[in-house]
Amino acid sequence: AELEVTHWWTSGGEAAAVAEFAKAFDATGNTWVDGAIAGSGGTARPIIISRILGGDPMAATQLNHGRQAEELIEAGMLLDITDVAEAEGWKDSVFPSSLLDACTLDGRIYCAPVNIHSWQWMWLSHKAFDDAGVAVPANWDEFVDARDALEAAGKIPLAMGQQPWQANGAFGVMAVAIAGTDAWREVTVNKNAEVAAGPDYARVFEAAESARSMAENSNVQDWNQATNLVITGQAGAQIMGDWAQGEFQVAEQVAGQDYTCLPGLGANEILDTAGDAFYFPKQDDPEIEAAQKELAALLLSPEVQVAFNLKKGSLPVRGDVDLAAANDCMQKGLEILASGNVLPSGDMSLSPDTQGQIEDLMVEFWNDPSITAADAQARYADIIADAD
Amino acid sequence: MTAKIASIPMVFTAVVVFIGCTLWTVYHSFTGSRLLPAPDKWVGLDQYERLWGTSRWLISVENLAIYGFCSMILSLVIGFTLAALLDRKIRFENTIRTIILYPFALSFIVTGLAWQWILNPSLGLQNVVREAGWTSFTFDPLNNPDIVIFGILIAGIWQGSGFIMVVMLAGLRGIDEDIWKASRVEGIPAWKTYIFIIIPMMKPVFVTALVLIASGIIKVYDLVVAQTSGGPGIASEVPAKYVIEKMFQSQNLGQGFAASTMMLVSVLIVLIPWAYLEFGGKKRD
Amino acid sequence: MSYSVEIKDLDLAFGSVKVLQELNLNIHEGEFLVLLGSSGCGKSTLLNCIAGLLEVTDGQIYIKDKNVTWAEPSERGIGMVFQSYALYPQMTVRGNLSFGLKNAKLPKDEIEKRVARAAEILQIEQLLDRKPGALSGGQRQRVAIGRALVRDVDVFLFDEPLSNLDAKLRVDLRVELKRLHHQLKNTIVYVTHDQVEAMTLADRIAVMKGGKIMQLGTPNEIYHQPRNLYVADFIGSPSMNFLEGTLDGTNFKVDDMVMPMSGYAFAAPQTAGRPAVIGIRPEHVVTGELVSKAPLQYDVTVDLVEPMGSDTLVYAKLGRHLFRVRMDGKARVDEGDILQIGIDPSHASLFDKKTEDRL
Amino acid sequence: MSYSVEIKDLDLAFGSVKVLQELNLNIHEGEFLVLLGSSGCGKSTLLNCIAGLLEVTDGQIYIKDKNVTWAEPSERGIGMVFQSYALYPQMTVRGNLSFGLKNAKLPKDEIEKRVARAAEILQIEQLLDRKPGALSGGQRQRVAIGRALVRDVDVFLFDEPLSNLDAKLRVDLRVELKRLHHQLKNTIVYVTHDQVEAMTLADRIAVMKGGKIMQLGTPNEIYHQPRNLYVADFIGSPSMNFLEGTLDGTNFKVDDMVMPMSGYAFAAPQTAGRPAVIGIRPEHVVTGELVSKAPLQYDVTVDLVEPMGSDTLVYAKLGRHLFRVRMDGKARVDEGDILQIGIDPSHASLFDKKTEDRL
Amino acid sequence: MTDATSAGVGLDAVNKELTGPRGPKPKKAFSTNNIIIYSVLFVVCLYYLLPLYVMIVTSLKGMPEIRLGNIFAPPVEATFQPWVKAWAEACTGINCEGLSRGFWNSVWILIPSVFLSIAIASVNGYALANWRFKGSEVFFTILIFGAFIPYQVMIYPIVILLRESGDGITNVLQLANPMLEAMGFEGFGRVRLMGSLAGLVIVHTIFGMPILTLLFRNYFTSVPEELFKAARVDGAGFWRIYFQIMLPMSLPIFVVAMILQVTGIWNDFLFGVIYTKPDTYPMTVQLNNIVNSVQGVREYNVNMAATLLTGLVPLVIYFASGKLFVRGIAAGAVKG
């Protein structure tokens, strides 16, 4: 059957990764009808959701798992794939198991996680630091120290795109790395506004403030353009999730040689386990439903996982696949995963609405130097206090 | 009878779509709808309270106000000035009019992209001027949160002022030729005639133009999406974008509805006095 | 010299279309000159040339012995009144009257004085604070005249000032205008296509056709001695009766009728057998008792009767020709009646068939 | 009954504006009835009611003894001709003529026959394949009439069919129209605001004002015996002279002049001292030799002279009143002259000052 | 007196002719006024032409040249590669068909939308102008107000409306299914308005209705009412008058409406993005996708070529229709 699959993976590495899915699915005799929506999740989600609501759902769609789909599930618009999960033994193979939890509502499974993305990375350009005549930093503080040298060499210390989610993500990374895991959990999972207003987070906001000034001259829009600044050595570093890896790969750069990846800003080696998942909106055609389930199973099959995640630069959702082909950074990530240093993603704890508010705040903060760290923190605490 | 049957699409559109949908939206703005409309989650004015406490909304409104005010004034001034110039029996009138109007045939997406490119500081206008020797020249509205809205304004004016010019030109052409003759016989200079006689006579045309501009302003969306995506930061956000994002991305329909209701209210504020002038006035004389 | 306006060899063309050609016209001081002609004959064009609103293609224009061919309209000492009034709608009547004066930087009290005087002359004092929208057609027309009046100009130009008004008002304003002219004694150039207006108002009429002046003369001359067929046909309602025939010495022959034209004042001695047209005004055809006194008498059959109240217009057959006869309103005639009519050739006009000029 | 159109208690209102009120009108078979009135008096509205283009608010309309109050326009047996001709611009003349017949699903050869006949009557055979745009005003008007003609209807409705034409053509078409009526003998209801048209065309005239019929009568009755001041003033150009005074027995007193009205046919015996208005038509004021024969004679001062070619209109002062006198075109009078005039009271009309009705 | 040209006067006149000005006033070709007017217009034209020029120039350059050079400089080495890429090769996700796909979608959206919206609006306008019925003005007023309601207010309810009416139609149609199946035909399947071409066509028809109806109403009102009356007397009904009298007379306004709709629908982004799916994305959405699918560096030349390609249809229509467009805007706008 023909399945229309919507997603917003349109950058070079992403598109190559999707092609792996499509290839594998087409090989089963079905047809993958690609419905890429450019922009970002922000552009794509309204379209995806309005189509599901409007009674014209696609057969499968990317969504960040987590709370985004809750209401759709409650409204009975998404296909229950518990049977597939049981047949394929996802319970045992999916690692970390929190990924599957995020797909579960009232004991039923509604989505197929396909990868693990963690935000907690900083990408550093060897060329930039060489040009500036300083060593490649090993953690955030060293990086801050290298700032002047970078600027003197005409480099942008920190590359930063203008898309709202980037600012938000970078802040999240700093929060985990600087405030520490406990404080982060207290704020994000338990929605404790006091902690959010407390000294741990104050340090986070101060760090963000200095990051802001380092990114001042970064005038690019998209995340991958920012990554490109790092690749070409125009910028010193970028805080960006592991998907940036794909861009380095497309540019044929070698980890450790051309660039360095620092998990947790080098301070706190821990990864959050956000990721992408596929949902399967209900259709009334049994043939399609069968194909949907086939696709769900396929997405988590070991070979597809490997092929996809290598291209995408993300980590597979199965602990049992062999990623020998993976490069330096990926291996690092796998190690951290294996050691169990994982956090749930913010997507899973905060509603999109709250995330949207935080995102708005961060965007404003990152772009408006007149907002002080203290102001921003106060507003942040307010949002956490109101979060549901 | 046939007339009534033939008017069913119109009546349907007017009643079901325009009134029905509007009321639906207004009603749901008082609910806590999230991803799906939840007519039974009544929350009163909560959404509005939050709306007016959100800095992004406030910035959006402020942007729209600045954009709206400037684009009204500029469109009217530019539109009228150009129309007046073209009305001076100049040569190549058709060519020039065509040049001024063609952007109107282009979409906001195209407009936004073209101007994004020209205003790109490292490649566009600023770069060109700098390379020409004026190295301190700075013109990067799209990257400066303080003036980004004017960068959008430049593009908006570019796209829409030709249309206003045509409206004005039609208005000017509609002025009795004899008025011009009378003022010439009295020795009144052209500029004085424009200011004291022609412009006051064109009041209805100005009002029409104003309504046209205003109705376009409130809908500004594509342009911002294509040109800046609301950036840098949230410096160029506009209400329409806020609505769409709250509704679909943040999955907070109630908030989006509240914001769109506010947009509707502002339209009504513009429209009702106009309708009153236009239709109420007619009945009286 | 006593000419107020002189026009010499005026040519005017819009692109390649020649609208006025080699036009010469002298207008006396204080004269009421009417430009009369059918639509599109160039009346307004000529008036606009005098006003300086159109640039001439060739020729010269003098106003008060000053060559104004290149002068601006406002420097020519003219005032103009338009068919559409062309009042400034957003100004009060006072504003309309004083705008031009203010612009000329006249002192305030002078402006007031002039406005007051014009308002008095035109009897619009009580309207001074109204806007044109609140005035009737006739009042607007008066304000338009006032606007020319305050400027104290030598020459008034009127472009069909009464055409937009209804019939009754037109008659009233016509009378008023005439009276105003008697009072002010300005030179007036007045454009109209209504021959009654022209006849009643003019000191002299210039009948125009195709950008040329066909005849220039007093209403009486124009009416009674039209210089060519066009003028003869254009002037007079109901219009002249025309019969085609040949002129043989002083006899005019139509079919088998012979009209001795002994009483007619020929411009030049006539050659024999010349094809000609005779024109007889309906009111110069007499009926009833008067027939016996007329030099020529015919019997005609009544074809159609149009009672008009004061007169009755009878369409009668004279041979194969239809003949209009104007009779008294109280005359009782019916279709099919045989009517005796009398014609006095001295009241008729003769025209050459080919050149259409008066013989 | 021989009425072709009967209108009973017709009311018509646009919203709250009552345009026609309690209107009754019976039109005879074959009659040429003219609805005459100034602009906005409801003439067109009445015509549209008869045609069924407007829905009546109250009352009934009969055509040929059939109640058609609720019938569709096309079912009423009427044809209509409009001021703007209203020809279908994209169809040829033939198409225009046959459109209605095709709608009525007439057989093809019947349509052709009728079109040919109408074209012949109107002499437009050679125009049948042209589009309206290529026709002159008069030709268009004929086609418009043809469109009504082919439909073989009982009643023709004309709404100011000649108003858009220029003066000369108007006169010509008027004559043609009259001839056509003589030939076809249809009932015609004809709307105009031109009293000359009304007088010349009508069998009977209905003078309307403010949605009411003021007077219904033959042109002669209307002209010579106007039933009230409005009609008297509306009909006739130049209009009637009115003098206000009081009626004392059979004497009418204006200021210090006394006019014995012995020749006047009063409708009822008069009370003494009644305020009244006398109306005298300008052509009923005689001058020259005829004065001596008139029962009343006065001396007047000439105030203004309007030569009109065939006549001369003299505005003269009678006491403090301005008096219009119509004189021969050849009469020589100048402003300031003293003129002897004679009036015959039997030609005058007397109206009550308050009710404005004829006495 | 008539021709008072005595010898003396004649002489005098000759003297005057020698001295005074004659004929047209000599014009200074470069009067200050003209210089100001034309230079202002020149600058204005520059402003309006600049983006077009830059787009064209950029679209003809290669990437290296863009990175180095000046955006105003003409291409050193013109290449059509960006155009080819934009049209047929640019990728969104794994679809690398460029704009060509969007182009045909736009065409298929455009044709029925333009046709339907004009058909309905013209009938509306005609009914409003000539067949006023009780309340017709009220509906019209609502309709005009509708033109000013922000789309955002209506987007979401329309999603629901489309879904519901799709289901409604399905239900009605499926009533006939047993019968059809009994007769051996295939029954009706599910009718979907949301996400389908039909849905988008309906949306365009709805949102085009206020302005077009206004346009047509104004136009039909300016058609002499007597023409309509004459047709009624001739026994023609609603549709016959519409088709045989009004339609042939209103070609100009139909052309104008067509131009407005073609440009409007072609340029639409919001509805295209919300009410369609990737398969049926119109060109503007495809354009936005291509431009925003940044792979490595932004390919400005391809973006500009894509932009120009997208703008081409309305531009061609606009230039081809020339004055009509202007006249139409004026007729529709100033009267309204």
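As written, the chains take the letters A, B, C, D and E, and residue 1 is the first residue of each chain.
Everything below uses one rule, namely that a contact is a pair of C-beta atoms (placed from the backbone, for glycine too) under 8 Å apart; a residue touches a chain by one contact, two chains touch by 3 or more.
Every value quoted in this text rests on a predicted model; they were computed, and no experiment measured them.
Shared contact partners of chain A and chain E, listed by label: B.
Here the two chains linked by the largest count of contacting C-beta pairs are B-E. A simple rule picks the central chain: find each chain's mean C-alpha point, then take the one closest to the mean of all protein C-alpha atoms, which gives E. Most remote from chain D, judged by the distance between CA-atom centroids, is A.
Distance between chain centres (mean CA atoms), chain A to chain D: 90 Å. Chain C and chain D, compared by their mean Cα positions, are separated by 27 Å.
Chain D has its Cα centroid 56 Å from the Cα centroid of chain B. For chain D, the set of residues that touch two or more other chains is empty. In chain B, 244, 247 are the positions where the chain touches two or more neighbouring chains simultaneously. Shown for chain A are the residues that touch two or more other chains, namely 46-47, 50, 53. The full set of touching chain pairs reads A-B, A-E, B-C, B-E, C-D, C-E, D-E. Residue ranges on chain C touching chain B, taken from their complex, read 48, 51-53, 72-75, 78-80, 82-86, 88-90, 99-100, 103-104, 133, 147, 151. The touching residues of chain C, when paired with chain D in their complex, are 38-39, 166-168, 171, 174-175, 178-179, 182, 194-196, 199-200, 219-220, 223, 235-239, 281-283, 304, 306-311, 313, 315, 326, 329, 335.
Per the touch definition, chain E reaches chain D in the complex via residues 224, 226-227, 229-236, 240, 244-245, 248-249. Listing the residues of chain E that touch chain C in their complex gives 2-4, 9, 12-13, 16-17, 19-25.
Interface of chain B with chain E (complex): residues 2-4, 6-7, 9-11, 13-22, 24-25, 37, 82, 85, 88, 90, 94, 96-111, 113-115, 117-118, 123-125, 127-128, 131, 158, 162-163, 166-167, 169-171, 174, 205, 208-209, 211-212, 214-215, 218-219, 221-222, 225-226, 239-240, 243-244, 247, 253, 256-257, 259-261, 263-264, 267, 270-271, 275, 279.
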